[in-house]
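Paired with chain B in one complex and with chain C in the other, chain A is shared by the two complexes that follow.
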Partner chain A sequence: MPEAVKRYSTFADRVNPLVKIFVAVGLFLTVILIHDPNHLFHLAIIMFILLFILSGVKYIYIALLTGAILFFGFISSLYMIFYGEGTTTIFRLGIIHVTEESAVRGLHIMMRGITLSFFGALIVFTTRITDVFYSLMQQGRLKPKYAYSFMAAVRMVPIIAGEYMALRRARKVRRALIHRKYISGLRGFISTLVTLLSQSIRRAWRLGVAMESKGFDDGPRTYYHRTTYSIHDLHFVLLILLGVILSAFLGEWFSPFDTVDAR
Partner chain B sequence: MAKRKGLTLTDVLITVVIALVFSFVYSIWGGVYTALEPLGLHLNQLLYGMWFIAAVVAYLVIRKPGVALIAEFAAASGETIVMLQFDVMLIVYGLIQGLACEIVFAIVKYKSTSLMVAVIAGISAALATFPLDWYYGYLGQLATWNLLLMFGFRVLSGALIAGWLAHLLYRALKETGVLKLVGNGHAAEEGL
Partner chain C sequence: MCIEVEKLRLKFPESESPLFTGLDLKIGKGEKVLIVGPSGSGKSTLLNVLGGLIPDTITIPMKADRLELPKSSAYVFQDPDSQFTMPTVAEELAFVLENRQVAEEEMAPLFTEALDMVGLDVAPERAIQTLSGGMKQKLAIASALLQQADTLFLDEPTSMLDGKSAAHLWDTVRAMWDELTVVIVEHRVEALWHQVDRVILMDDTGGIACSAPPEEMLEVHRRLLDRYGVWHPHSWEAAPHLPKIAPEPGTMMEAKNLSIRRGGRPLLTVDSLRIGKGEWITLEGDNGTGKSSLLLALMKLIPSGGKVLFGGGRISRTRHLAGRVYPVFQNPELQFITNRVFDEVFINLEMHYDDRTARRETDALLERFGLSHVAHLHPLEISTGQKRRLSVATAAGGVPEILIFDEPTFGLDQRHAFGLLTMIHDMVKRGTSVIMITHDAEIMRRYPSRRLRIEDGRLVERGDRYA
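Right after this comes the complex of A and B.
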């Protein structure tokens, strides 16, 4: 994550990336198993608080991100609110049938999404992408050829973006000369993609041959950038675990929803 | 380049780069996908096949075991890299869809590049995440007609986008001659 958006750094920055990923998968499974909307409501709030405190990112970015997460979370739950089954009708218009049950269920799905998004944002703000791959190699025993090809490919992202912009500009300049069908619609989509893909494959091939001859192919190897497990990892796991348990108790203490089962 | 059976670093690198190009498409696609969501009629499911097109294209280009899985993982994590948005769900889904494609390709022993194989891989990837969606999105509690609509759109999209469109892209790529560089050089023997 670029340092420009950070205000301060916390212990979350020093947690091993592999641990973060495992916690993220664990949280995903936990969220699927939670059916009590009150529990999930508090878990979403706790995740937001963790993001707010631990990420150390400037407030404006957190505000923008939170807005986006809430908005997209709501939109992606509309299918259930509108068409879910239920008996207590709130609103009916044509094929849209909003019931109390479907509304709660829809909000539950939305809270699942935002809980995971808040946690995901925390990880993005506290992890360097290259560290993920170093950690995968050093702690996760991933073969170097996979990790280094990912890292090399990440470096190509700006080049791909630049190429796309160049292609757009080139087409703009020659607009009068090219038939429309090659620019818009499916034809245009394919011609753009084929251009980007073929250039990228060529570049990747050249780089791949160079890297293979320099011995990036197989181990054993030593590392300049070292990642290790530390006490911070334990703190992080315990913190998230505590959050999940605490939210269950909070859900009983303060219940914004009448039901305890969204199904 | 020496002919080797397993995946070389170059193979992996090319796979990942293909996936990253698609993760740009995903980032744009995501906007369209979301824009179609509010109706709740699952029109967005018609676009669903795009999420695993990378696996099919990468397989058609390289044709080695593991490529589809790596491509899907890279494309899913590529969204994190391009959009700076980490979503565990995305990566779990990506891996499952990649695995589904991988199984189809293993059945044809990583040889066939026919349209049919691409379409079947697309459909199986479309179906692969359905059980997970069932639990996550409480699909069992959805009105039946709405559920069927979602199911139908998704399968159709898997076949059309991940199957047919991926194959179209592959043929276009083949014409550029760039595939001579890739894999075991089998493309060169096909007279390119």
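Right after this comes the complex of A and C.
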């Protein structure tokens, strides 16, 4: 993550990226198996607190991100809320039929989404992309040729974005001189795609040649960033585990929803 | 001998005739050699053969009766953006050391040493993306040093740098090349010519036309250099004499109190800029001072404060002046939208003529731009010089009143550069106004009716104004 958005670093920055990925998979399965909305309600709050404390990101970015996560979470739950089945009607207008059951189910889905989003954001804010690949090579036995190709590809993204902006400007200027059909719709889309792809493919090819000219091959190598498993990894796993268990207890103690099964 | 090649034969699978049909070349240990030649003469290909990239990395069929190549070689390539793998300076340098299996704890001191040697004073954790072009090329040299190669191949390393950075880069290379064999392919040779031991001139049939020490090359073989359209320190003596043209009365475009910001900070302010009809204006300034941004702001392609007036009216959007003011960007490829050189011009003209006339006019225009023989090719397939000319041709039909160029002679050989300048002169003569960003002191001195320069975030007028 760019250093510009960070205020401080925590132990979460030093957790092995692979461990984070495994925890993420574990959390995903757990969240899917939680059917008690009260439990999930507290888990979402705990994940937000972890993001707030452990990410070390400036408040403004956390605020913006939280706003976006809540907004999209709510939008995605609307389908379930409006059209889901249920017996206790709260509101009905044409094809929209909100029932108590569908509202709970919708909110349940929203909480699943935001729980995982908060945790995902924590991982993104505390992991450098290069560390992911270094870790995949050292602990995950990924072949260097794949790892370095991906790291090189990541470097290309801002370059391609800049190129796209330049392309749009060039088109804006040419637009006045030619028929619309060449520049808008499918034809315009295809020519944009062909141009950008051809630039990228040639750049990738040149980069490949440059990498090999620097002595890169798939053989044995040393690593500048040594990634290992550490005590931080254990702390991180335990922390998330604790969060899941704690949220279950909190769900019994304070239950905003009447039901314990959203299905 | 460090490099010895006898009877090299090489053919690109997709081309009809072979590139090399028996090329001989010898380069001594520790020798510094400059290879020049017209575009398409195979300079870069030869460099790739000498460094062993062909046929190992780049699979192109080749044969030679004798091929003795350096044991270890390192490259610096033309495009700074496509030779780095990693996001930061330290990681990029580490990449080379990892390949050599240097132990992790020995790496950091080696970085510092290499960065010191090339005079690149940046923190190792700095993102490569934030470096200037010149700094990136120094980093490429540092990484070549870490390869501990005995031979260094440089493939047009300064072609994307401004004059100052280019001269600086050659100083850096010279400071460290004593022990090395160095082979350089380069267009822009003023700062380099007299530093090398030998200059090799390639001809346009894949052979070596001439090989001599730099002084002898200039004294004895200068006509040969000019014939192949190759830049040399005295190239400009043969430049076209284009009489300066007096601008016509009348204002085409005006900018008042223009202010441009970059990354939240003020980059450039222009109190007042007036562009008259038939003026040829050059715009100079160091890299990163906002020359391109100024041109984009005049076109309303980026946001800016202040007023832009065109034809007496205030301009608030690009489409109000698109077509009448036409920019040719640095990367011409982004301006192409069709699959054929012919169509690229034809779609402009079909707006103004019936089909038959449009075809005839297109042919005539391509002829004038020297593109007839490539009319059937894809616009991305043709050479850099041809692309640049084609991108000027894409302004056709609208008869632009103002043409804007961002470094039009970049990467062109002498012949094409002079051709393009003559073409621009023709357009100015017909009343088109031209604004052109350039780093070339000779162009600034010879052709424009007026010179502008960006200094300390302000646009200032330089002397030499046409009376």
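Following the convention adopted for this analysis, the second predicted complex is superposed on the first by the 256 of 263 C-alpha atoms of A that agree within 3 Å, B and C clash if a C-alpha of one lies under 4 Å from a C-alpha of the other, contacts with A are read in each partner's own complex, and residues count from 1 in each chain.
The criterion applied here is as follows: a residue touches a chain if its C-beta (ideal position, glycine included) is under 8 Å from a C-beta of that chain, and two chains touch if they have at least 3 such contacts.
Small disclaimer: the values here were computed from a predicted structure and weren't measured.
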Quick one: is A:His179 in contact with chain B, with chain C, with both, or with neither? Answer first, second, both or neither.
second
Under the stated touch criterion, which partner chain does A:Arg221 make contact with: chain B (first), chain C (second), both, or neither?
second
Once chain A of both complexes is superposed, is A:Leu207 in touch with chain B (first), chain C (second), both, or neither?
both
Determine, under the contact definition given at the top, whether A:Ala262 touches first (chain B), second (chain C), both, or neither.
first
Of the two partners chain B and chain C, which one touches more residues belonging to chain A?
B
Could you look at A:Met80 and tell me whether it touches chain B, chain C, both or neither (first, second, both, neither)?
first
I'd like to know which partner A:Lys145 touches here: chain B for first, chain C for second, both or neither.
first
With the two complexes superposed on chain A, say which partner A:Ala166 touches: chain B (first), chain C (second), both, or neither.
second
So, does A:Ala24 touch the first partner chain B, the second partner chain C, both, or neither?
first
Chain B versus chain C as contact partner of A:Leu116, first or second or both or neither:
first
So chain A touches chain B in one structure and chain C in the other; where do those two contact lists coincide?
129, 148, 152, 154, 198, 203-204, 207-209, 211-212, 216-217
In the complex, the residues of chain A that touch chain C are 129-130, 148, 151-152, 154-155, 158-159, 163, 166-167, 169-179, 182-183, 188, 191, 195, 198-199, 203-204, 206-217, 220-226
Chain B touches which residues of chain A in the complex?
1, 24-25, 27-28, 32, 72, 75-76, 78-85, 96-97, 101-102, 105, 108-109, 112, 116-117, 119-121, 123-124, 129, 145-146, 148-150, 152-154, 156-157, 160-161, 164, 190, 193-194, 196-198, 200-205, 207-209, 211-212, 216-217, 262-263
Show me the residue ranges of chain C that touch chain A in the complex, using the header's touch definition.
48, 51, 53, 56-58, 73-75, 77, 79, 81-87, 90-91, 94-104, 107, 128-129, 143, 147, 296, 299, 301, 318-319, 322-324, 326-327, 329, 331, 333-338, 347-348, 350-351, 380, 394-395, 397-398
Over in the complex, which chain B residues touch chain A? Could you list them?
1, 7-18, 20-21, 24-25, 34, 37-42, 57, 61, 70, 74, 78, 80-82, 84-89, 92, 135-138, 141-143, 146, 150, 165, 168-169, 172-173, 176, 178-179, 181-182
